[in-house]
């Protein structure tokens, strides 16, 4: 049809993230100059009705309630996993075993050992992998990284990172799967992994952490309105001091009970020559302070995303028009496809998901004893 | 395939807006529960290469360099016009003559008479029309309208509106089609029509204007770097006082030479009980002040877009994640499709485009003599 | 006591502004290196009780209910007038006749003719005068002026100015002296004169205006709760287009009924190479955009007041600590005293008050017929 | 003169804080309805020239280079200490021994033991004391406290506090007294004590801390430009997790090397029903989010300081005009004078300074071993 090679996608899961991934692929195919013709082959859900509805709405050709059928579908090159965390490993290993490239939502898996197993399998099979750390796929974050790498803010000295939302603020909200310790944790594992990924991306490897975890709502109703209570075993808040390989130091906090916050994925990075401040609440802006500016007119610059900040221009040729959350998923999908075409590894592949999970795990371990825990290399 | 009726789209034009419209339809089909199966049938461009490239990238089935072939294509129900303003009328009238629904970028046409002709043709033919006033298709603007209509800020007293960008700030930028007076004007017609549409949408009909236009850069090189100059005849800035049917008064400014501004589509609406402040620079926020709040804790509320502000939830189930410019186009396309299905008229149909153009025209007329000009009803 | 010359102040009026002036002198004497020893000699009020209370609280030596006694007090060098506008002329002329320097609150007088008479008298007598355009006495405004004069934002092209508050938003608030047309007008004369002063200060002389005035609340109770109504004859809102001698064009609005606004003394100044944005709501900040900054990292700089912005350092040696409204009055008083010592004229002397009043008057005149009115020179 | 009792002040130290205290007393005497006639009796400095200059500028009657003469001056009721931290104890104890009330800059003294000695002496002598935690003396902080105590944001759950500036960012800046470990520490003791005071004020007693300290610039030139280096022994950054008596948990950071920050005294307080966000960078604003607001129109309210937030109205009768840093000192001085008149204790007396110092000390202690340290009661 276009002379380009076809690439087929099989999606597992049709919730918030399933829809976002499908949109990401669809938008990516239209805004980026891709090496492939995208083929949304099949979508799997636990219910056939759900799968069929997603097929119709999201533009897939086939629907199934048996995700394993995707593995053997010869049209499918990519398995895209957006199911609950507990299922990631089984699905990813099966996909890898069938030689499929794998795109998986974060966190990669609840434990470091499971992540390691997934990385080993993927690397042995030589498939390309991608993990959904979508907040990194922002032209403003690319700019931040470029500013840091170019030395414009000097040597990084200190860092603060936060990921806070308030979806668990209501103490009467019932116990649910997010609170199941088998999933690997609470606020830190669920949303804190995003800020760990951002700090690693911008400041480099984290070598050790000293942390505490807090359970703010010690028990919740088993169901909305029920008087039967179930103990909460996972963290509502986790705070950590962190040390970076570069010598920089910092802190982060994960909090899903920060009343009023909807998307406080914020960081402040202080260098010897300048600083960068970002909040996901205003994801099309980046603040930059440069010590080298004339002293009487220096101040934090509020930089608005525009075509001078790739890949913003793929979405819109004019500055200031803004991209949205689903566009981050399009950038993420595009990066994955480009890596498949080039035979390279995206910056947020399974190995990076594994590295993030090591920090998550070390943080939980540190929180048990409030002692520094080193993040190992392997 | 889905049991739903198919609807076919033929797109004319493949530039900034052609791509945005194609994306709008594509995203709309995936996030909204639509009455139709969308069929992107054919795309036309002045060059066949351009059309073919757009076909591949944007997901159309056919490509052509003869837009008239779309008129007789039995698969096409909608003609979508994203060409330069001067071509809108001819294309729209031809589409209407063939019984097609028409989606047209703003401004509808350079003159009021042309707009009137287009409205008459569309209404006589009974086709559904839509004009691309995309900034209105924002959940935060829907909220603003809801707050006003519910009386929460009382009777509207005064209004300020601005649409300022800086793409013409550079005096050495060459003369181009935007500066051709045949297109119907300069900054006001090009971008000021957006703020007129916003004020009409939120505050109601404008009954009279008193205006001035300014040419800031009186001549420009005929081509970049050329020493041959061509006189500029259209406005770089237009300012107007406005009166609304409701009794409210206000002002607006259109400015495409406001150095530093990328998307200052801003308004402030002051009522007897509160006020609303918006800037497109932060399109996922709305500011609201309520006189009824406790005096010691009242202040402008910064409301972040979330699922409680339809149709944000169609894009993302979680608050604070933000939508982008192309998502506004998806809402616009969806509203158009819903109107076709229901046999109703969208709020920004050709008649509304005509009404906006009457204000644009009256504003230019007023600027000639600096006298109040009434906007007629017909 | 200090070897410095003593300078004596006689204050007339003990309300909001009387207190602010007394504080201004007092703070100025302590933070600036002044040429005089300040002597707060006497304070006059319509009631002796009021005068006596002000004497005790504000640090004067004497109190009187007869302001004329200040004229003949040999200890008094400066007459400071903070009474209602209608009384300014009589008091100022009397003070000048006695050879006193005069510090007078704005507006200088309700009519241009009265202002002219005051200027002529002051200049003939050779006394130094000062008018209370306090918002100009801000280190951030000094910075704005410096940035403009140094050419850093290029040739000024367009300007927007606003002074909006909401103290008249409540339609049930009773008729009062602010609404008396004898005082020379409404929102424009009362608060709009501030934004005219700011635009003149930063962009230069205004040569013509085209304006409209709006009465939003056409009648008000004669007293709070009364059912007897009195017609309102002065403007709640005035809007104007303005032309500057430099060729720049712009607009301003005065509005005392902008629900939610407390101190929206805002301006945006667009030049060929950059722009400046200011709001009095955040008076210790100035925003600056420079076209010459690297395209990928340029953005509005939020500059915080610090010692690098004189005379901030007189109040605080450390940046970011912020000054307040009364400190603006101290800068204003200090500038006046410095001019007396040097035998020069402050930038906001009676002549400047006269020039501002000419713009106020021309604006009201234009609003009667909605025709351009030139501001004369004399 | 006024029938009120005279109160005499003797000031020691004439630097940044000496001037701010003198201004605070002077402004307080004019804006507040005080029980005393203020008498600025004498000022002491290490050099007679410095003292004499301060006498003239700041309005004192006498000057001396021997601070002990203030102790026996019968006109002096208050000894005001703004000297380097190391001198606080000796001066305060001497003042107390002479029955003087004592106003002392923070930190009270370098060690907890010294603070305890000072508290014991003051309480035994029955004199009134005040410590300069000026950021607490802000109408917006009074509002924050009122909102918390009234239960409007529910039970406090979590807290983040920061005090960051950048005056030590330049690694070539020479070693100086701030770096002398005898003064009791670095960034935490110097500026971090402010955020500890704010958190205690708003959230209540801190019971334990887990902390780390960082030295970012390990050695500095002994003088500007010198090649001889001296090791830095005090913290550039201190980070801590904190537990409050109320059950709330949180964190704070002190950082004097945060490039670009001038006055980031920020906190975020999350309750079960709302949250409060403050930055000293915009000290006339407080942000408030209330879960109880209508879901579609709730958002952080930006509250501007006005007369409805005492004691703002003492400085200005109109809202939005803003107060400055020196006005905070006036509120602090006024609170001290009111306490003397009433025979009560200000909220930030020596005992509170002692409590803050206990947290500072426990934080440093924790940082040595990275273990939780309890803050003792005594």
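As written, the chain order gives the labels A, B, C and D, with residue 1 at the start of each chain.
Heads up, the rule we're going with is that a residue touches a chain if its C-beta (ideal position, glycine included) is under 8 Å from a C-beta of that chain, and two chains touch if they have at least 3 such contacts.
Predicted model only: the values in this text are computed from it and were never measured.
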Figure out the least number of contact steps between chain B and chain D, where 1 means they touch directly. 1
Both chain A and chain B are touched by which chains? C, D
Cα centroid separation, chain B vs chain C, in Å, comes to 42
Between chain A and chain C, what distance separates the C-alpha centroids? Give it in angstrom. 54
Between chain C and chain D, what distance separates the C-alpha centroids? Give it in angstrom. 35
Sites on chain A at which at least two other chains make contact: 261, 300, 304
Residue set of chain C touching chain A in the complex reads 143, 146-147, 152, 285-288, 293, 295-304, 308-309
Chain D touches which residues of chain C in the complex? 1-2, 16, 19-20, 22-23, 26-27, 29-31, 33, 56-59, 165, 167, 261-263, 280-283, 304, 306, 315-327
Partner chain C, residues of chain B touching it in the complex: 153-154, 157-158, 160, 162, 169, 171, 210, 212, 214, 216, 237, 239, 241, 249, 251, 253, 255, 257-261, 268, 270-275, 289, 291, 300, 370-372
